[in-house]
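Chain naming follows the written order as A, B, C, D, E, F, G and H, and within any one chain the residues start at number 1.
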Amino acid sequence: MSYKVYLSGEIHSDWRDRIIESCRKKDLNIEFSSAVTDHDASDAAGDVLGEEEKSFWRDHKSAKVNAIRTQNAMKKCDLAVIRFGDKYKQWNAAFDAGFCAALGKPYITLHDEDIVHPLKEVDAGAQAWAQTPEQVVDILEYILKK
Amino acid sequence: MSYKVYLSGEIHSDWRDRIIESCRKKDLNIEFSSAVTDHDASDAAGDVLGEEEKSFWRDHKSAKVNAIRTQNAMKKCDLAVIRFGDKYKQWNAAFDAGFCAALGKPYITLHDEDIVHPLKEVDAGAQAWAQTPEQVVDILEYILKK
Amino acid sequence: MSYKVYLSGEIHSDWRDRIIESCRKKDLNIEFSSAVTDHDASDAAGDVLGEEEKSFWRDHKSAKVNAIRTQNAMKKCDLAVIRFGDKYKQWNAAFDAGFCAALGKPYITLHDEDIVHPLKEVDAGAQAWAQTPEQVVDILEYILKK
Amino acid sequence: MSYKVYLSGEIHSDWRDRIIESCRKKDLNIEFSSAVTDHDASDAAGDVLGEEEKSFWRDHKSAKVNAIRTQNAMKKCDLAVIRFGDKYKQWNAAFDAGFCAALGKPYITLHDEDIVHPLKEVDAGAQAWAQTPEQVVDILEYILKK
Amino acid sequence: MSYKVYLSGEIHSDWRDRIIESCRKKDLNIEFSSAVTDHDASDAAGDVLGEEEKSFWRDHKSAKVNAIRTQNAMKKCDLAVIRFGDKYKQWNAAFDAGFCAALGKPYITLHDEDIVHPLKEVDAGAQAWAQTPEQVVDILEYILKK
Amino acid sequence: MSYKVYLSGEIHSDWRDRIIESCRKKDLNIEFSSAVTDHDASDAAGDVLGEEEKSFWRDHKSAKVNAIRTQNAMKKCDLAVIRFGDKYKQWNAAFDAGFCAALGKPYITLHDEDIVHPLKEVDAGAQAWAQTPEQVVDILEYILKK
Amino acid sequence: MSYKVYLSGEIHSDWRDRIIESCRKKDLNIEFSSAVTDHDASDAAGDVLGEEEKSFWRDHKSAKVNAIRTQNAMKKCDLAVIRFGDKYKQWNAAFDAGFCAALGKPYITLHDEDIVHPLKEVDAGAQAWAQTPEQVVDILEYILKK
Amino acid sequence: MSYKVYLSGEIHSDWRDRIIESCRKKDLNIEFSSAVTDHDASDAAGDVLGEEEKSFWRDHKSAKVNAIRTQNAMKKCDLAVIRFGDKYKQWNAAFDAGFCAALGKPYITLHDEDIVHPLKEVDAGAQAWAQTPEQVVDILEYILKK
């Protein structure tokens, strides 16, 4: 069995690498996708299309270019993992969760216990709530087993 | 022309009332919907189904009951207004934006300029960004005019 | 706010009447739908189309006529309540739950605690699990409130 | 021609193996999928996410993890075979049938004659009713022939 | 309960009138729709758009104008009745049956026993096969009863 | 029978009024919708959201506000009429035609013979090509007749 | 470029072979699908599931087994060719055309000029009308060219 | 990561070749599709089906044959690039943009600044506006990077 897994959210810790690396070691047949996780490159994604004076439009153009990649990945994935860290607003992660929910794509949330309350709507639509990347890997291994 | 408009997000300011009241005064034929905006009632939505010791499950049950109402409203609306205030995580508002985006439901965001950057993915999927309820009303009036 | 609620499952107790009656008393704007709950009439739904010697085909014809009514009701409803009693196989109720799940229609299960384990897949797709009709009514009242 | 076939239901007899083995012998190009059929592993699918005191929540977490696998398999399959044995409630099998019906996925039921009446709604949505795994294999061979 | 019923097929007998009249007498809340059943008007539906020398294009223009009406009616109906008489090719009736099948719209076929074999694919997708308009009315009365 | 008809395209001639007026006289039960046809108001639709120095962004904001209205109207209509006049680029009319085609919404084109060749892709997706508003009215009258 | 082409209709002439053979010679990358075209095997498709006394049920079971294959092929195809010969009712071919139309699958009809009038509704939904298999091959070659 | 990119619009300049060539050089894993870009062949696409006296019908037949190819390519693509040059009506390009918008397929427009105003509705639905093929290639390279 093969799976496409979309990894959404926090880009300032190594959770993606830990999941990907562990799945490789366990020989799970998973194709991972993700937004571009280089923060500066992501913010500048639309710069090639011309300079903007207003930061709103610079952000707008970059976010729309990024959406080509992320929404395509969500539409094609079998499962998403949505990670919330302890910093920043991370509204894009919650947006992705809502996007997956409306598409009927199952997703697993990955976050600490102290943000359970503000994430209750996001968790309510999830198939599972994990607190560590290792738990996510265990679930993936279980789902993909013969 | 009649419209169904879903009002999502912040529940600690009077933005909903200002929009609804202004639309009534302008005689716009709009049916508004919303999550239950009484914070305590919303948190307790699932309590009738039995007590929980873990706050995760209490939240879970309430959030799922609330989702019956909110996702129904989003599926039926012609347009959503998604409001981000200056407090709290407001991940549910971003979740609703993603949900609308995936359903192909147009939405207008309503927020101050200082959170433009963290909201760029949410704004990228919006049909308009407003900074005041009055701007939203102006747009609604325009859209609904003969 | 008005809602369409489909009531599926057990036909040998008065749970439907209790829900409908309570909602009427509370003045909730709900249009209820249901399969034909007269057991004999339901089994004979296809008899008008001609006699069958094999009971399989008699059942088949009646079940298909009934499906016109029930699947139409599910496609149009805003919410379903799926009731499992303590007798019979009740596979039609579980079938309806799966049907709703695939359509993205939210449903509430209504059953006693002693059948929680065999119903775990059905409950996993539900927005709520209630044990009494009164709990269902409370949820409906909450969802439909202003 | 190649096919994806989802095998749902009873896990206490060898019907899956008999179908799979016969199809292999006949060189049919079929990729089979299924829920995890190890009963204990299936019940424990969510345990890695943390212990629960209430059996409802343990079941809930496991059933949701299992649903990632089963609903994905149903969405991708060309055909499902839904097996009902003579023991247990088997509501998950009827749930899967309803799920397939709503998705427009054709399915074959596989069960003895003595449960024809309680399964009439499930059979009414099926493309065929088989009583033995061998009949299922014959149908598969026919469908896949050049 | 109210229903929208689309009546497709044969235009040279009074089966439509018999169904409509009987449903009126029984006070069933049904809104019937149909193709334009005046044969000459139907063939001339596109003539207003300009004359054609080739009969293929005259037919083409008329058939496309008629399809605006019939496909709209099928998309909106709750149920279709597809009638095959004993004359003409009636490919349009079979086309409508296939159209309904792909949309997931339930339909009842209405035809004599002597054409059961050539109609087997059409009947296979139907919820019921009736031989008289009266049987259709009985089914409608049953489906719409409280 | 009642219909929703969306009128798209040229805003510099009186074709909309002629169609609407004639349908009223013939007592056809049609609800017409349209983009805002006041050219200046349409170009300024987004101005309330703040001034822009670049004309691209001014246009962008206005076009997105207008799209709320037009795409909603197209999703809800039963039929669209797409008018091409003899001036301007009219890419929005062709865009609307493509939008309707992908949604499976039938549309009638309304244009002179001298632009048949550049409109061939648009006409290929249409149910009819009319050259005068009167022909459109005749088609509407035919479609809506009892 | 590769294509999946479904060949529907007449089984008593060699039109399928002529199309397939010509496409092979031209090296077109097309995967063809079709109903089982062995008439007797097709009529007996459901016999393995048990004998029936009524020919209606024998036909019914066989037609439903065949529908697994044909509807799957239509859902997966890029293009269908629907052939009407000069014998038999061929309602299954018209059913397939309607099925494709509702799915938004393009199809080409293949039939002689003398049946243009009764096929006008079927032709109205087609992308092309061909009179010989060679014309179909020419169209396929054109569509698939680099 | 691999992508399917549909290139729509202008056929009289070398923009397609420049994009395809640059992507090849950068080793991007992209499968490009397009309408048949040989103008005369495209206009004659339907000629094999028989001569027409009226140019409308010749155009009609060719455009419908071409639509088999183009609409298939749009339904399958991950991204479209829609090019508007400085000549001709190019309504087919705007039609394709609307078609993509309704399907939820992201597209990039490629055109000069002097036609920004008439293209505002088309640009409003786009994920990006590029002025040179090189900008398109930069965006593609960014989206497809690891």
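The criterion applied here is as follows: contacts are C-beta pairs under 8 Å (C-beta built on N, C-alpha and C of every residue); 3 or more make two chains touch, one makes a residue touch a chain.
What you see is a predicted model; the values in this text were computed from it and never measured.
Within the contact network of the assembly, the step distance from chain C to chain F comes to 2. Two chain pairs, A-B and A-D, are weighed by contacting C-beta pairs, with A-B ahead. When each chain is reduced to the average of its Cα atoms, B sits farthest from chain G.
Computed from the mean C-alpha positions, the centre of chain C lies at a distance of 49 Å from the centre of chain H. Distance between chain B and chain F, defined via averaged C-alpha coordinates, is recorded as 31 Å.
Centroids built from CA atoms put chain C at 37 Å from chain A. Listed for chain G are residues 64, 67, 129, each touching two or more other chains.
Interface of chain D with chain A (complex): residues 33, 36, 41, 45-46, 48-50, 61, 64-65, 67-69, 71-72.
On the chain F side of its complex with chain H, the touching residues are 55-56, 59-60, 62-64, 66-67, 70-71, 84, 88-103, 113, 115-125, 129.
By the touch criterion given at the top, residues 1, 3, 78-79, 106, 127-131, 135, 138-139, 142-143, 145 of chain F touch chain E in their complex.
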